[in-house]
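Two complexes, one shared chain (chain A), two partners (chain B, chain C).
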Partner chain A sequence: MKTTSDFPSINERTPDGQSNGGSAFKVLVVDDSMFVTKQIGQILSSEGFNVVGTAADGLEGVEKYKELYPNVDLVTMDITMPRMDGVSALEKIIEFDKDAKVVMISALGKQDLVKKALLIGAKNYIIKPLDRKKVLERVISVLK
Partner chain B sequence: MRVEYINPFVEAAYNIMTEVLQTEVERKDLYLKKTTQPVMGVAALVGLAGDVEGRVLIDMSQDSAIKIASTMNGEKLTSMDELAKATITELANMITAQAVTKLFDLGFKFDLTPPSIITGENMSVSDANVEALIVPLEMPQGLVEINVAIRERA
Partner chain C sequence: MSDYLDPNNEELLKDFFSEAIMQVEAMEQNILALEDDPGDQDAIDEIFRAAHTLKGGAATVQMEELSTFTHLLEDLLDEIRSANIRINEENVDVLLSSIDVIKAMVSSRQSGAVYEEDYSGVKANLELIIAKKESADQAQALKPMAEVAQPSTSTSPTASKKLSEYEKLELKEAIDEGEKILLVRVGFDESNPMNSVGGIQVFAKLKDIGQTLKTVPDFDALYEDQFHPVVDYYISTEKGIDKDSLVGKVEIADVTSSVLILGLDDSIPGVAPVEEAQPEPEIKPKQVSDPASEIENLEDVEDIEEIAEIEKVIPEKTAVKTPSSITAKRDNSSGSILRVDSQRIDNLLNLVSESVINKATFNQISTQFNEILEELGSAESMYKDNLKGLFESLPLLLKELQDGKSVKDIKSEMNDEFGGLFTVFDSFESGLKSTVGAFRNTAANLGRNTSDLHEAILRIRMVPISQIFSRFPRLVRDLSKTLDKQIDLIIEGEDTELDKSVTEELLDPLMHCVRNSLDHGVETPEIRLNSGKPAQGRLLLKASNEGNMIVIEIADDGAGIDVDKVRQKAIDKGIIHPNKALTDIEAFNLIFEPGFSTAGEVTNISGRGVGLDVVRKQIEKLNGSVAVWSKVGEGTRFTIKLPLTLAIIQGLLVRVDTEIYAIPITSVLESHRIKPEDINIIDNYEVFNVRDDVISLLRLGKLFRIESEDNSDYNFVVIVGSGDRKMGLMVDSLIGEEDVVIKPLKDRYTNSPGIAGATILGDGTVSLIIDISQLLDLSMKKEQEARKDRVVR
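Take a look at the complex of A and B:
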């Protein structure tokens, strides 16, 4: 019996979550909201990314980054979090690995904090509400 | 209206709100309202059309909606802004998706409209020829009513 897989797609492409070598990009998601963590996870997984870790505050995020390093390609970093906010966590991660690729996740109205994060070394930012297109665009622009 | 139409929505709302708010949710007693009834300030509305037709309202005060959206986002939101609206829409999406899967499993066939968010004071909803069943859910963020008016197509 013929199945669709017998007919290779004419637009076969590497999913955006994979490097040209075919391995999945490894992402650490740092956010105190389970809902947002899940949203980001679903968007990234559906495009072939590998979410290798999650953390619920900045302190845990920094620890997880050090634990995973060097097997982590990108961090999504929420700004408002308990214990340690995202900007401080970003600072600690850059201190540890100056080439870290961190994308800030922010609600509207935190322009000053986003600016500060970009000066510290965040590679990009995404303003909530998140949607698939926005997240993938920003994340991919940082990785490729 | 048959109670079996509302149960999947209440169960889904209970499951999802417990999960995304990570809090206790208490299910209050079901009650029935006829034709025109006030709604609370923020309502997510989903329409159904097919073997069964009608609508589902996920209804709450603006204050509760902002608190729910704040908890869900890990942000202190202060108004019913774009993020709050998108969050309540997504909440409604998650609830309807889970409920509808159950109704499809029971053999009902129908299409859904994507959730619309309606906000305002002194609103009311009128449903011609069908009474609404309502189950209030109480949580620290406030009260959310699952308000369902569905009937079999004549």
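Take a look at the complex of A and C:
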């Protein structure tokens, strides 16, 4: 019989010997930059997360969340986006589902918005440029 | 940087560049919108968002220079957004010049290099604007200008400050029965890039544990963009809760460096005992700001202002210089990315599935043909058997006839036995007929399907012309400033679509025409007012569809072109024969001849004599044509006509000896059948008369060195060209019109003049496509040489 140790390649990819944290967790990625969306998608799906939806702005993100609910475990939310920014979108999502797990994505310089988001109920934040290890660490810590 | 997001990852880079270019364009457009309406909050937000996204992307692909620069720009934008800095023309200039720097940075990175030009001038200007605002506001003079995120020298109040007895009492009053107050002392990791967020993050996290009654420093200070190495949180929780179990709940990876939980009245140990007994480096507050450092800071502000003053002259130069370096470095062929409406792809998919069905039908037909072939075989052998029997029975029947049997009997006997011969092939024939019918239908379907597919694929490559039109507001603005003219740019039909590859090649000629109109066409406000026109000139940029051509118009209401001047100049320069009668239209189009410029003085913008001929060359390369119309005092209009796509053209197939050539139909004017005696010789070259016109002839066979047995009674002449340039190509015969798919030739073949590419005909033979504009140049040159020869003689 095969055990997971027969597949070292999978374990090698997991940083810091963490267990394969992503298995089947469903993630919604909200970001106006296709580039960032792709990156997050690559990072998460390589760890077994399931990116179930993407949205290009806050408005779309909120709609997607409602549409997917309850089949969504985590949202990554960009802070600056057209139409509706990430903080307002976060507010709407928390209004709809107070236990929503939202991780903000922000570049440096947006500290005030990150603080606002954390106070509204964002579970954590990730700094752009994205770092694979940090992304996974934070996402997994929120899901725990 | 992580191992996973390789900054050299080709695909990511490609995505980054295409996105970066979009962001830069969005910024530019909105800056211009902002200039028109400084209160346009949407535009500011949009610029800010674009700059922000650009910064994030730049940092990811490790373009430090771009991310630092964008950061500075963002600071300025932030001030504009919060209405601390008002938008004026000067600021817009600085913003635009910094967009140029960003463009140059992106494009040099795109070609694999790091941007090395000096942009300190632009940078200083940005800083100057920010500094101006800061110095105006003395209270905020200490705020560092560029690095907002950087912790300032002023620090948090002493976190380890003990609460007074009164404050403690206050806290105790606030809690309910069954609750106790805990002091959560958290040390923060300064190396975290967003170290100023931690205080709030812990605050948010503590909500799960209990109510936070008080923080030191207080909440407002935490909300400021400032790093506090240690923060005390006083929270109320249930009495029973275990202090040590809370530590894990408060800790946040990368954010907190130590967490200490005490009762309200516990004494605070000198060194915080952390779980891993890790010493707490940041427990002591940083040096409190003193007057000396404040003075230093003030001086810094002044210093920068001074630098900015000195370098104020530079930015204009760099701003002018950068665009040229961009065009020089731009590599059009690599990494062009197309964004396609998904509906168009769906449509294509539909057509492809139809063609799959088509293929299945053909397979079926092929099986049917096989069956028919078998049937033919069996019918044939039956026929042969019968025939053999007939031959064998003939002697017997003859004998029977001799023996006295009546002819009638024998006839009926033969009918009985061999009558089947007539119908042996009937079923084969009907089978064949129905299968051929099915084949024809399916082939017709395939034809329809293929042309639909063709159209669908072309539509995928179609992009709205706004992609290039959008660059003109900026260009016109800059030019009109340089030229001191007032110009109102009107853009129409920007939704008109054309092939992506055409778009890319079209920008430069369009720019050229616009520059030309602005420089030579539109007059200065004084002259305009004197001649009774409004001071503001008008420039129209318009695109529209005409059949399967796209028509682009560049029209101004300026001074117009003086026909006689043009005509005289063309004669002076030897471009036309002095005796040649020219219509006005033909004369206007002389301005596209090489070496032609009517501008008296050479300006920076146009008029170096290498001008409109390049435009024509470029447009003709795209199989298009350009014409000009003008009226003195009323204005000038350039009209560019282009085919919608470059991939497939309509070609006229002609034959020279055994070779078949394709001539792009867009440049074919007419064709004639002529007798050898219709050809005259003037100035050493062959010509022939069409109506009132004299057309010079070029024998394709001679040009391509094909030995043609020229013994037919007739020759065919295809007249090609546009506007005033016409010539006749002499060929052996015309074959017909056909859609021709252009296949580029490898470099060493394209060197031969007059060949634009190759195509594969229906029967598999290769045919060369003629490059008309090159041939026209060639014949023009020959014509001029021949004329010179005659003059010398």
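Heads up, the rule we're going with is that the second predicted complex is superposed on the first by the 121 of 144 C-alpha atoms of A that agree within 3 Å, B and C clash if a C-alpha of one lies under 4 Å from a C-alpha of the other, contacts with A are read in each partner's own complex, and residues count from 1 in each chain.
Just so we're on the same page, contacts are C-beta pairs under 8 Å (C-beta built on N, C-alpha and C of every residue); 3 or more make two chains touch, one makes a residue touch a chain.
Just so you know, these numbers come straight off a predicted model, no measurement behind them.
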> Mind checking chain B and chain C on superposed chain A, clash or fit?
Replying inline: clash
> Does the superposition put A:35 against chain B (first), chain C (second), both, or neither?
Replying inline: both
>> For A:107 in the superposed arrangement: first (chain B), second (chain C), both or neither?
In response: both
>> By the touch definition at the top of the document, which applies to A:118: first (chain B), second (chain C), both, or neither?
In response: second
>> One more residue to check, A:99. First (chain B), second (chain C), both or neither?
In response: neither
> Of the partners chain B and chain C, which touch A:80 in the superposed model: first, second, both, neither?
Replying inline: both
> What residues on chain A does chain C touch that chain B touches too?
Replying inline: 32-36, 39, 80-81, 107-108, 128-129
> What residues on chain A touch chain C, complex-wise?
Replying inline: 32-36, 38-39, 42-43, 46, 80-82, 106-112, 114-115, 118-119, 121-122, 124-125, 127-134, 137-138, 141
> Which chain B residues qualify as touching chain A in the complex?
Replying inline: 19-20, 22, 71-77, 81-83, 86-87, 90
> Residues of chain A touching chain B in their complex?
Replying inline: 31-36, 39, 78, 80-81, 107-108, 128-129
> Can you list the residues on chain C that touch chain A in the complex?
Replying inline: 1-5, 12, 15-16, 19, 46, 48-49, 52-53, 55-57, 59-60, 71, 74, 148-149, 193-194, 196-197, 200-201, 203-204, 222-223, 225, 252-254
